[in-house]
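Each chain carries a letter (A, B and C) given by its place in the written order, and its residues are counted from 1.
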Amino acid sequence: MKLRLNKTVAAVASSALLLMAVPAVGIASASGAASKPTYTIGYEGPLSGGNQQLGLNMVFAVQLAINQANKTGKLPFKLQLKTYDDQGDPTISPTQAQSAVHNKSLVAMVGPAFSGATAAAEPYFKAAHLATVSPSATRVSLATSGWNNFFRVVADDGVQGPADANYMVRKLGKTSVYVVNDGTAYGSGVASAFAAQATADHATVSTATVPGTTQCQNGTASATQYSAAATQAVASGAKALFYGGYYCDLGLFLGALKSAGFSGAIMSDDGSLSPALIQGTTPASAANGVYLTCACASSTNKSFNLQYQALAHFSAANATYAPEAYDAANAIINAMKSLKKITRVAIVNALHKLSYKGMTKVIKFQKNGNIAGSAIYVNQVKNGKIVQLGLE
Amino acid sequence: MKSILTHQLFRRFITAAAVLAVVAVMTGPAGSTEAPTAGFTGSFSERSSFFGFFETVRWVPFLFLALVFFGVWTLWLSRGAQIKSGVSQVMQVPRAATQRRPVRWGIGVVLLFVALILPHVINDPFWQAAMVEQIAVYVLLAIGLNVVVGFAGLLDLGFVAFYAIGAYVTAWVTGALPTPPLFGIHMDPFFAIPIAIVIVMVAGIVLGVPTLRLRGDYLAIVTLGFGEIITIFANNLYGITGGSQGTSLIPHFSLHIGPIKYVWGLAPVPYYYLTLVFVVIFLLAFSLLEHSRVGRAWTAIREDEVAAESVGINPLKYKVMAFAIGASTAGFAGVVTASQSNNIFPSSFSLAFSINILVLVIFGGMGSIFGVVLGALLIQTGSMYLLHSPPAGYQSSDLYIYLGALLVVMMIFRPAGLVPSRRRRREIVLSEAGEGHMNEVLTGDQP
Amino acid sequence: MGGFGHYLASHLVTMRKEFWFLFVGGVANGFLYGMVAVGYTLVYGVLRLINFAHSEIFMSGGFAGYFVMKALIGTSSPNGFATVYLIIIGIVAGGVVGAVVATLLERVAYRPLRKRNAPKLAYLISAIGASYFLFNMAGKEFGRYSISVPQPYINHTVFTIFGAPVQLYYIVILIAGVIMLLGLDRVVATTKLGRSIRAVAQDAETASLMGVNIDRTIALTFIVGGALGGAAGFLFGLGTGVVYTMGFTPALKAFTAAVLGGIGNLRGAMIGGLLLGVAESLSVVFVQAAYIDVVAFGILVAVLLFRPTGILGERLGRAA
C-alpha cells in the first residue's frame, strides 16, 4: 500500500532529482573550492519498466552517499551522479555500458543491478578498466568470468540457495520439500542450489518448473497454470515448498496454493522480497507466514533511514537493496579517498585492497570480486508486513 | 444549438482536439494503480515550456496545436486536390529522374559512401554501438520481413523465431551451448553464417509447408505462436540451450587467412562494416529477385491467387520460397548479434521484437526496398535517440505506445507506407475501388 | 515400447489421483476462454476478420473491475448479499468499459478502413497497432506491476467433487458464465439485433438491401462482444490480479477456442473454450507446466491443419 503510493511520488521525485542533482552539485563546487576536480559515479539499473522501483531504491541510496561525501567538504574532489537506465534488460545494457565508458569524468559504477544485464555489459567495463560494484547482481558465474573490475557487496546465489536449504531442513525440520523455479536464470539458479543442499541434508526433494506468466515481467505463460501447478504441489505430499523466482509470479502461485489447500511452510528468495508480493497475492492473507530470504539486510540505521526518507520521499524500511547500494557507493568513495591520483584503474586496484565497516557488513572483497563473508537474512510475512527475523 | 453540435466544422474541431488530447496523454507523466488519474490530469495540468516561449500549463500548447491542426485539415479538405496536383507536378521531375537507371545507381553509390564514412563522423560510442546493434541489424531484419509481408503479402508475426534460431545456431557452431558443437569442433562464427542461413531457411520451409495453406489471419496467429514456442523451448531446454541464463561464451568473428589475422572485438565499428557488407549483398540480391521470375510470381499471387494458379504458378511453392528467403536475413542477423554481444538470452526474442520489425516495414512501405530501409533507419534512429536522451515524460518502456499508434495512423492515412512501392499503391487503390480480388487475395482466402 | 508403456501407466496413475482437481480448474478457465472466444466469433461473423485487439478489451475490463472493487470494498471483507451485488457491479463495470473500448476501437482502428474498403492485411495491422498502443498505455497510466483485486468474498471450498475442492471463485465464474453465454445465445437467436447480426454475417450486401443498417450492426456487435470480453476480464482479474499485459495469453487461448469450436459459431466458441480449458489443465500430468502453452498452440495448429472448420463447423450467419 505504502510503497505504491510512494512510487508515484518517487517517479516524480526521481525525475526532479535527476534533473536537479547535476546543477546543484555544480553550484556547490563553485561556491566552495573552485579548483576541486569533479568526478562522476555512475549507476546502471532499471529506472523504467516493471522493475523501476528496485532501481529507484538504489539510486536514491547512491545519491545520498554522494551528497554526504560532498557535504563533509574534506574530500579533495567533488562527486556527482549519472544514471544509466537499462530496464534490467541484457539487450539494452551493453549500449548503456558503452555510453558510460565513453564518459571521461566517470570513474566507477554502482551496478549493474541485474545479473543478466551485468553479464552482457561487463566486457565493456572490463575493457575500459572501470570498476563496477553491484549491490544486487547475485548470479554465481559473474565472479568466475575473469573480470577483475567486477565487485559485489552481496553474497551470491550459490551461498543463498544452500543457506536457505539448511534453514528449511535443519531449523524448520521439514524433511520433504517441493522445489519450484520460474524458469528464469535467477530463479532456476537459486532453486537448483537449494535442491542440491536439501538433498545433501537428507530431505526428500521433488522439483518442477513453472514458468513466469504474462501477468508479470517478460513472462510467456498463462496465469491460469498455477491452479494445476498448485494441485501437483499438494499431490506430492511435501511438507514444504521452496520457490525460486520473483514476487509477481509467487503472488499468483500463493493464491493458487491456498486454494488447493497447501498447508506446508513456503520459502522464497530475495526476488520475492518486496511489499509488492503481498499486494499481488489474491487474497493477501495467502502471503502470511511465507519466509523470504536475502543476502540483503533491511536498514535499522536510524540516521540513514531519516536522510533516505528526506531524499527519496519514501521509507527506507521497504527499499530493498538501498542499504547495499549505499555501501557500494561508499566503497567506491572510500577507495577514491585512499588515492593520490584518481584514475579508473587505480580505483579498481584500491577496491581490491579495501576494507572498511559498511552499514550492512564489513566491506572487503575476495580476489574474484565477491564479498568476503556470506550473511543471509531471513524475513517472514506477518499480518501483511515483511518482518526481518535475523541471520539464517 | 443542435445545428452547431452536428456542424461539420465543429465535429472536425472536436476530432482534432481529441487527437491532440491523446497525444498529450501519451507524452504526459505516468500514473500508477494508486493514483490512476495522475497521468491523465498531469498531462494537462503540468507546466511545460511552450516551444520555449513561456512557461504554461500543458493544455495551452495542445489547444493551440489543435487549432492549427484543425485549420490545416479544413484547408486540406477544400484545397487538398489542388495542393496534391501541385506537389505531384513539382515532384514529376525528380520522380522521372529516379526512374532512370544511372540516376538510381548514382544515388545508391552516394548513399553507400555516406554509410561508409558515417562511423568516422559520429564519434559517440553510444551511437556507434547503436548503428550496429539497433540500426544495421534492424535494416537487415526489415528487408527480410519485407520479402514475406511486402513481396508475398503474408503477415508473419513470428519473424523473431528465425532471428533466435540464427543466434542459437551460432552458439551451437561455436561451442557455446551445453550440447556438443556441430562437427565436434569450436568453429569461428564466420562458419555459422552459411550454416545458420541454411538451417533458418529449412525452418522456414518446415513451418511454411503446412501453415502457408492457411488464410492470412490464421497464418498471422500461427506464426505468432511459433515465435512464442521457440522462446518457450529456448527457456526450458536447459541441457540444449542453456535455459533462461542463455549463454555468454560466443566468440567474436576472426579471420586467419595466410598472413592476415584480424579479430573483431568489442569495438562496434568493425562489426558495422561487416554488417554493411551483408546489407549491401542482401539489398542487391533482393532487388534482383523482385524483378525476376520469382518476384513476378509473388506479385501475381498477391494480386490474384486464382489467376496466378490458372497460369501455372504454384502458390504454395512461391509462398514457402518467400518465407525461407525472408528468414535468411534474420538468420544472418542472429549470427551477427550473437557474435557481437557474445551473449544470447531467450527473453530478448519476444513478440514485441517481431512487432518492432513489422513497424519498420509498414512505416517504410511494404514491398518497397528503398522505403523499408528508410523506414528502418528513421524509426530505429528515433527510438535510439529517445533512449539516449529521453525528453521529459518519456520512459524507454513507453516506446511501444508510439509504435502501436504509428501502425494505426499509417493504416488510416498512408497504408502503402512512407515510400510506397508503385505496384503496392496501385493494388490498394484497386482494392479500395472494389476492383480486383484484393480483399480475398491479400489474406490468401480460398474462394 | 515397454518404456513408453511404463511412462504412460505411471502418468495415468497420477492422472487418476489429480483428475478432478485439474478438471475443476480447467472448467473454470474454460468458461473464461468461452466468454472471450464469443467476442472473436461475433466480430469474425460480421467483419470476416480476427479482432487482434480483443485482448485489450479483456484487459480494460479487468482494470475497470479492479478500480470499482477497490472503491467499494477497500479493506472490508464483504459476504452474503453484499458479495452478490458486488460481483454483479464488477461484471457490469467490466462489461461497460469493455464495450466502450470495443466501440472506440471500431471507430478509430476499423471504421476508417472499412469506409475505404481497405485490404484485410490493413485491418490486421491496424488492430495489432491498437493492441500495442492500448496495453502499453495502460502500463504507463496504471503502473507495470501485477496487483490483486480486493475480494468481494472470502474464497473457500464450497463442496468437493470426488475429493477435489470446488472454490467459491469457480462457482462465481460458472454461474456468471452460464448466464451470460445463455443470454447471448438467446439474444442472437431471437432478437432483432440478433437477426441483423446473422444477416450481416451471412451476406452483408443483401442484408443492407433488405434494410439492415450495417454500420449500426457492426457497432452493436463490437459492443456485445466487448461487454462479454470485459466481464470475463473482471472475473479473470478477481482470481489472478490485474496487470497491463494480462490480456495477451488468455485472448490467444480464447482465439484457439473459437477456432476449435468453428469460427463464427457461437456455441462452438463456448464448447471450444471448455474443451481447451480442460485439455490444457490435464496436460500438466504429461508435460511440465512450462509447456502448457505449447500444448495449446499444438491444438490450434492441429485443428487448423486437419479440421479448419472446427468441431461444430463454421456457421456464419446461420441460426446460432
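By our rule, a contact is a pair of C-beta atoms (placed from the backbone, for glycine too) under 8 Å apart; a residue touches a chain by one contact, two chains touch by 3 or more.
Because the structure is a prediction, the values reported are computed rather than measured.
Engineer: Name the chain with the Cα centroid closest to the overall protein Cα centroid.
Structural biologist: Of the chains present, the most centrally placed is B.
Engineer: What chain pair has the highest count of contacting C-beta pairs?
Structural biologist: Highest contact count among chain pairs: B-C.
Engineer: Chain B to chain C: how many Å between their CA centres?
Structural biologist: 30
Engineer: Mind checking the centre-to-centre distance between chain A and chain B? Centres are C-alpha means, answer in whole Å.
Structural biologist: 35
Engineer: Two or more other chains in contact with one residue: find those residues in chain C.
Structural biologist: Chain C, residues with two or more chain partners: 143-145, 147, 288, 290, 293.
Engineer: Quick check on chain A: which residues sit in contact with 2+ other chains?
Structural biologist: In chain A, 4, 7, 49-50, 183, 209, 211, 220-221 touch at least two other chains.
Engineer: In chain B, which residues are in touch with two or more of the other chains?
Structural biologist: Residue numbers touching two or more other chains: 30-34, 228, 232, 235-236, 395, 397-398.
Engineer: Where on chain A is chain C touching in the complex?
Structural biologist: 4, 7, 49-50, 52-53, 183, 208-211, 213-217, 220-229, 231-232, 234-235, 248, 251-252, 255, 259-261, 276, 279-284
Engineer: Within the complex, which stretch of chain C touches chain A?
Structural biologist: Interface residues on chain C, with respect to chain A: 14, 17-18, 21-22, 25-26, 28-29, 32, 143-149, 151, 154-155, 157, 165, 167, 169, 238-241, 243, 245-246, 248-250, 253, 277, 280-281, 284, 288-290, 292-293.
Engineer: Which part of chain B faces chain C closely enough to touch in the complex?
Structural biologist: Of all residues in chain B, those touching chain C are 25-26, 30-34, 36, 39-40, 149, 153, 155, 157, 210-211, 214, 216-218, 220-222, 224-226, 228-229, 232-233, 235-236, 352, 355, 358, 362, 395, 397-398, 400-401, 403-412, 415, 427-428, 431-434, 438-439, 442-443.
Engineer: Flag every residue of chain A that touches chain B in the complex, lowest number first.
Structural biologist: The touching residues are 4-5, 7-8, 11-12, 15, 48-50, 85, 87, 89-92, 94-96, 98-99, 101-102, 116, 119-120, 123-124, 127, 139, 141, 145, 183-185, 188-189, 209, 211, 218, 220-221.
Engineer: Can you name the residues of chain C that touch chain B in the complex?
Structural biologist: 49-50, 52, 66-67, 108-109, 112-113, 116-126, 128-134, 136-137, 139-145, 147, 252, 255, 259, 288, 290-291, 293-294, 297, 300-301, 304-305, 308
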